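Take a look at the structures below.
Both of the next two complexes hold chain A, though its partner changes from chain B to chain C.
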Partner chain A sequence: MINLNIDGKYVKVPKGATILDAAKQLGIEIPTLCHLDLHDLGVVNKAASCRICVVEVKGRRNLAPACATPVTEGMEVHTNTMRVLNARKTVLELLLSDHPKDCLTCAKSGQCDLQDLAERFCLRENRYEGGAQSTYKKDVSPAIARDMDKCIMCRRCETMCNDVQTVGALSGVNRGFNAVVAPAFDMPLEESVCTFCGQCVAVCPTGALVERDYSWQVIEAIADPDKVVVVQTAPAVRAALGECFGMEPGTLVTGKMASALRQMGFNYVFDTDFAADLTIMEEGAELLDRITRFLSGDKSVRLPILTSCCPAWVKFFEHQYPDLLDVPSTAKSPQQMFGAIAKNYLAEKLGIPREKLVVVSVMPCLAKKYECARPEFAVNGNPDVDISITTRELAHLIKRANIDFMSLPEGDFDSPLGESTGAAVIFGTTGGVIEAATRTAVEWLTGKPLDDVNFTALRGLEGCREAKLKVGDLELHIGIAHELGNARKLLDSIRAGTVEPFHAIEIMACPGGCIGGGGQPYHHGEMEIIRKRAQAIYREDEGKTRRKSHENPDIIKLYEEYLGKPLGEKSHHLLHTHYFKRHKI
Partner chain B sequence: MANVRMHVLVCGGTGCTSSRSLEIVDALRAEIKAQGLAEEVKVVIAGCFGFCEKGPIVKISPDNTFYVQVTPEDAKEIVAEHIVKGRKVSRLLYVDPKTTEHISDSKHMDFYKKQLRIALRNCGFLDPENIGEYIARDGYMALGKALFEMTPKEVVDEVKKSGLRGRGGGGFPTGLKWEIAASYKADQKYVICNADEGDPGAFMDRSVLEGDPHSIIEAMAICGYAIGASKGVVYIRAEYPLAVERLQKAIVAARETGLLGNNILGSDFSFDIDMYYGAGAFVCGEETALIRSLQSERGEPTSKPPFPAESGFWGKPSNVNNVETFANIPVIFLKGAEWFASIGTAKSKGTKVFALAGKVNNVGLVEVPMGTTLREVIFDIGGGIRNGKKFKAAQTGGPSGGCLTEKFLDTPIDYDNLIAAGSMMGSGGMIVLDEDDCMVNVAKFYLGFTVEESCGKCTPCRVGNKRMLEMLEKISEGKATEKDLGRLRELASIIKDTSLCGLGQTAPNPVLSTLDNFYDEYLAHVRDKRCPAGKCKSLMQYVIDPAKCKGCTMCAKVCPAGAISGKVKEPHVINQDKCVKCGACFATCKFGAISKR
Partner chain C sequence: MSGCCDGNVERYKELQAYIDGLPDKKGRLIGVLHKAQGIFGYLPREVQEFIAGALGLSVAKVYGVVKFYSFFTMVPKGKFPISVCLGTACYVRGADDIVSEVEKILGITVGQVTPDGLFSLDTLRCVGACGLAPVMIVAGRVFGRMKPSDVEGIIAEYRAKAGDSEKDKACEGVCCHG
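== the complex of A and B ==
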């Protein structure tokens, strides 16, 4: 342990801790901007580039960045001297001197770390306004909008994109005053290897990286008397939406959300969870099929089966592992399964052409915006899912519709695409999809009901996990990875043959799975928020009477009435997809 | 082997090469062959002699005749007169500006008299592409001594005892650096040579690499032995093609001779060197940025600690020294640490190479013992200020340095005195300024360089230096107020205090040092809207003295802006609003009626 003194108070911290860590222990809150530390998820940005956190260290010539300076024995630190306060103020003035002052119309207003600092520092004038501000062209992709005039070079996005996700779409380009984070050769994000996972947006402290906002299109669709507008909401949304209304992280707002959506004027309020159950039927059947064929000696079977619910992961393997396109499950993601069922089964039921039906999805995700725009998910130019909005956009829509969210009654989803099981809810967190699939696959394999549906070995927040489950004579070897960098690690070790062969692997692009998605309320670097969302998801599962997808009565009915059987012809046509080779850089 | 009676050494440094020195080599060789002397007279392309002012230089040995400003056309005469008949070509000899005497041997020239060449000891004395010549001048003996007579710890101690400090800018004690790197245990360590010389005007590292590449290889191997590294890396500017080529050849020759590779000289020690090319970023001279660049990452500094000695190239303990530092190492082992430590001042030992440039008569590369005064360097070696102008300041330390005024002329130059005087050693750039130089302009020039070369990582350097540059521009345009001077100083000190790396921490130095030493000149710009040196265009006016103007109309005719009016044979006037300050009228007037104000 290291002893040091900060602002006259003694503190003892482990070796390797930073001044910032030690100060936190004393309840001294040193301001930070570029710093990001989601330690348990392996997400750490220690660029020490913004210089907002500088402190005075006795015996040191210049000021030290608290976030990146390790403590030493006997260190004497001062965090609020005149010298420090003046330096911080000047650094902030410099940052603002190269930042557009359009807070009123900025997508990040109210959530911007830079704005918060300006408020905290009581900045009333800027002594260092400069003439020419660097101007970059705005880059708008189907999912992400980049405005590099607002970039403060904190490099958080780069850390996410390169170190955590190993995608490598973003890096520092240009020098000095013109330095900025951008795709190579300043190409548009859409043409790059970007997977649209949105983790850059999730951590951007300013409005430089934000989601592409489609909320007005939703208002227009609802207002159009010729349209029937249905909405589906992903499992992770209900565990986070409350945060936008000041509720404790981890508060479940499923019922209030349904009420709000109905009040906003959607014709039908459905649930992506229904489609998650459907996904398990198809993906579970596929897993069973591959395993059975494998056990009967079919050498052509590709194992492990990889999940395909996460569109960022899908785009990732299309770019990075183009030789493995036949390995992942062909099952569409729940969002797209929902869209296909809505535009076919539901439209038929309602007796309207698909063009009259508008499917809106509320997702914790930015890649879903990209996914629903993929051409293979449209029929004659009419997409299965028309508009995908994020949890954050939904919160704004609710506020705009003058709805007092807190006082809403607990509503319910509409039928027939609103019924779901606990297995579907846990899709929202890492390990959930594979647990849901396991619940169904094990019962199908053994023909016996499960004693306990809780496969706790599959839960947790560790980046790469594995578990072995005894199913009759078979020992199922299951892998789980969240964050694309961990996915890469797992795939590379399978390729290198350094791990025991797996039967099935679940992969999610975002830290913690969908609960940590790029479309969720900003976590501002608070690990606890992500943990609480995960707990909420499992709470919702436990509260459900049905917790296995194949027991969802509306799913059973859908197969009886319309689809036939899992992996059948109709299913194959509506619920399965194929993948494309994409360039590696 | 033929008995060579005479060597003709022609400077093959970048400066002389661009003044056609390689053509001189060809012409000399052709002429020598024509005279049938090819067996007994050998023409050698040597490294830089340092006296760039008088290049291209041709030196004939053994009689040490030093010919200056030679052209390829002179080759015939040199061969016919000097080589064949033994008569010196006096018109090509250096003429002492004071005595107007012809001087034949360089050691009698003022330029060389006060110099002591340790780092540059072999430059100009051997063929850098011939390992045999280096070995003949005791090359690789220091390595042999280290490997067979000393333990690694004794090697470190010897360097510590010598008092050698880093010549790249910071002046960190080299022996201590080696000791720290040696103290870490690792399966792999690296010796890194920083050859990313980037200070404007500085070219000592280039000259060493071009003129004496083996000294660097030898020093790196010694360092490898001392800290326990088997791999060496040279990070060299790709803009130094000749240095790259010579070093490459030297590495190959050392490998072939068994001086690099496994079990060097039959010892247990193995060491080899790889070369990496820099892509022209000044900031990559900063060691952490250099290491990132080596790893194919964006050349940006990282926070220290951890220092490279603990976690450097690929996360392994690495020792980074620059070229000039390494160039001193073999000599320390040949002549002993005590000898080295006997040169210089109390805390700065040995010599320092300066790239002398600017308004001085003898520009070139100068190596002097630490403690030599600025006056000796500028007035004795440099031959004083050009065109009899008045000395104003010497800018040392490159863009991170400051300006030394007349009051520091007799201060002994060493690391600590320069810092105390508000400048720094830096890598040894020394630019002499005279009364015609505007100090606001000088500050603007250096800051412009750092703004251009900032990597953009940290806020103070990325935005702060840009804002300072804008303020300086405002000052030189006469648009600033005295309040701005206060802000400029405050911003400068905060950038120093908060920047991430050495580049940002020192970038404000030229501003602070000119503010400290030439505040009146700044005041003249902001208060009187006047540039005393007449350099700031916006503040300068051309005016016609009506008493002297004859009304010849010539000025009005040459004015491209139509700013001059007046009737024939009557005094003309310049409309200041229209004037573009091109100076055409000033150059045209035959009566001296137009003056700058």
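== the complex of A and C ==
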């Protein structure tokens, strides 16, 4: 352990800790901007470029960046001297000198780290006002809006895109006031290898990268008397939405959310969890089919089966592994399964044409905005899912509708697309999809009910995990990866034959799975928030009476009434999809 | 890597051979870009994609480096590249007036090429001929003690030269990359 003194207080920290870590332990909040450390998830940005965190270290001539300076024995640090405050003020003034001043209409307002700092420093004027104002072309894709005039070159997004996700869509270009982060050849993000995972948006401290906002379209649809508007909410949303209303991270707000949606005027409040159960029926059947065929000696079978419910992961393998397009499951994501069932089964039941039905999805995700716009998910130009909004957009909509979220009663979802099991809820966290599939596949394989539905071996936040499950005579080898860089590692090792063959692998693009999605309330670099959301998801699962997808009574009914059987002709048509080769730029 | 003419196939081969000859590919991007610019005269999109593939880097990363260093260019050089030295000695003797004069006469700015592909304009750091400051280099030939009024004549001379060799225009230097 190392002893040091910060602002007159003594503290002991492990070797290798930074001044920033030590100060945090003392409750001294040194401001940061470029620094990002989600240690347990392997997400660390050590650019040390912004210099807002500088402190005075006794015996050193220059101010030291707290985020990148390791502690030494007997160190004496001052975090709030005149010299430090002056330096910070200068850094801030320079950052603001070429920053647009449109906070009033900026999508990041209220959540912007730069704005926070300006507020904290009480900047009322700027000595460097009128610096070169760059005017970079704005870039709007179906999922992400880029306004590089607001970029402060902290390079957090590059760390996410290049190091964590290994997508490589973004890179710093140009110098000085013109420096920005851009795709190759300044092409629109939409034309690049970007997967729309939204992790760059999740960590951008300013309004340079934000989601494409569709909340107004939702208001318009609800206000249109000719439309029947239904909403579906993804599992991870209920574990995070409360944060937008000041609730503790990890508070479950399923009931309040349902009430809010009803009060906003949706005609039906449904649940993506229903479609998650449906996904398990199809993906589970596919897994079983491939394994049985494999065991009976069919050499053409492709194993491991890879999950396909994360659209960012789907786009990733389309670009990066175009030769492996027949390996992933063909099952659509829950969002799209819901859309297909709503626009066919539900529309039929309601006796209205699909064009009259508007399907809105609330997702923790930016890739879902892109996904619902993929042409193969539309019939004659009418998409299965019309509008996809994020957890953050939903929070804004609730506030705009003058709803006091905290005092809402616990509401419920509507029938028939609102019923779900605990297996569906855990889709929201890494390991959940494969655990849900295992619960069903094992019962189908053995024909016997499970003694324990909790496959704890599949849980956790480690980037790459594996587990072996004994099922009768068969030993199922299961892999799990979250973050696309970990997915790449796993796939490459399978290709190289350096790992024991897997039967099934779950892949989620975001750190922690959808709970850490690009559309969730901003975590501002706090690991604890993601951990608490995961715990909330498992709590919700435990509280459910039914915890296996194939026991969902409305799913059973849907197959009886409409679909026939999993992988049957109708399922194939509505619930499965195919993939496309994409370029690597 | 669609070689639009035989010259290009040869160029890609040369670049590939250079990359193959590297003991390892880590941290070599800048060197490879230099080599490539030497071979192609500039760094068009296709060449950057080629390099990204060969070095196992993202194209965005390669592009980022190209855009960061001012000596890399994505614009093909003219048939007669013009460079004006902006080193200290040349600068204090009015090199920037020379630059302005070239810009005025050719109607382009630094980093650009004339629409007919004849001239391009760049600036350089000290070229080691301070005694001759200010210095301008046209297609490898050094013109010293330049005055703004000299520029017009020099450019006219090269224009005339271009007229003479109209027949062997072929696809030298400026290739069909859009």
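Quick notes on this one:
Definition applied: the second predicted complex is superposed on the first by the 584 of 585 C-alpha atoms of A that agree within 3 Å, B and C clash if a C-alpha of one lies under 4 Å from a C-alpha of the other, contacts with A are read in each partner's own complex, and residues count from 1 in each chain.
Everything that follows uses one rule, which is that a contact is a pair of C-beta atoms (placed from the backbone, for glycine too) under 8 Å apart; a residue touches a chain by one contact, two chains touch by 3 or more.
Quick caveat: nothing in here was measured; it's all calculated off a predicted structure.
When the shared chain is aligned, no partner comes close enough to touch A:330: not chain B, not chain C.
When the shared chain is aligned, chain B comes close enough to touch A:70, but chain C does not. In the superposed model, A:48 makes contact with chain B only, not with chain C. Within the superposed three-chain model, A:95 lies in touch with chain B and out of touch with chain C [touch as defined at top]. Of the two partner chains, chain C is the only one that A:184 touches; chain B does not reach it.
In the superposed model, more residues of chain A are touched by B than by the other of chain B and chain C. Applying the stated contact rule after C-alpha superposition, one finds that A:87 touches chain B and leaves chain C untouched.
When the two structures are aligned on the shared chain, A:172 is found in touch with chain B and with chain C. By the touch criterion defined above, A:585 reaches chain C but does not reach chain B. Contacts of A:267 after superposition on the shared chain: neither chain B nor chain C is touched.
Judged by the document's definition of touching, chain A residues 171-172, 174-175 lie at the interface with chain B and also at the interface with chain C. Per the touch definition, chain C reaches chain A in the complex via residues 45, 48-49, 53, 57-64, 67-68.
Against chain B, the residues of chain A that register as touching in their complex are 46-52, 54, 62-63, 65, 68-70, 83, 86-87, 90-91, 94-95, 97-98, 127-128, 130-131, 152-153, 155, 171-172, 174-180. Contacts from chain B toward chain A in the complex involve residues 281, 298, 300, 302-303, 305, 451-467, 470, 487, 490-491, 494, 496-500, 505. Partner chain C is touched in their complex by these residues of chain A: 162, 167-175, 182-185, 192-193, 584-585.
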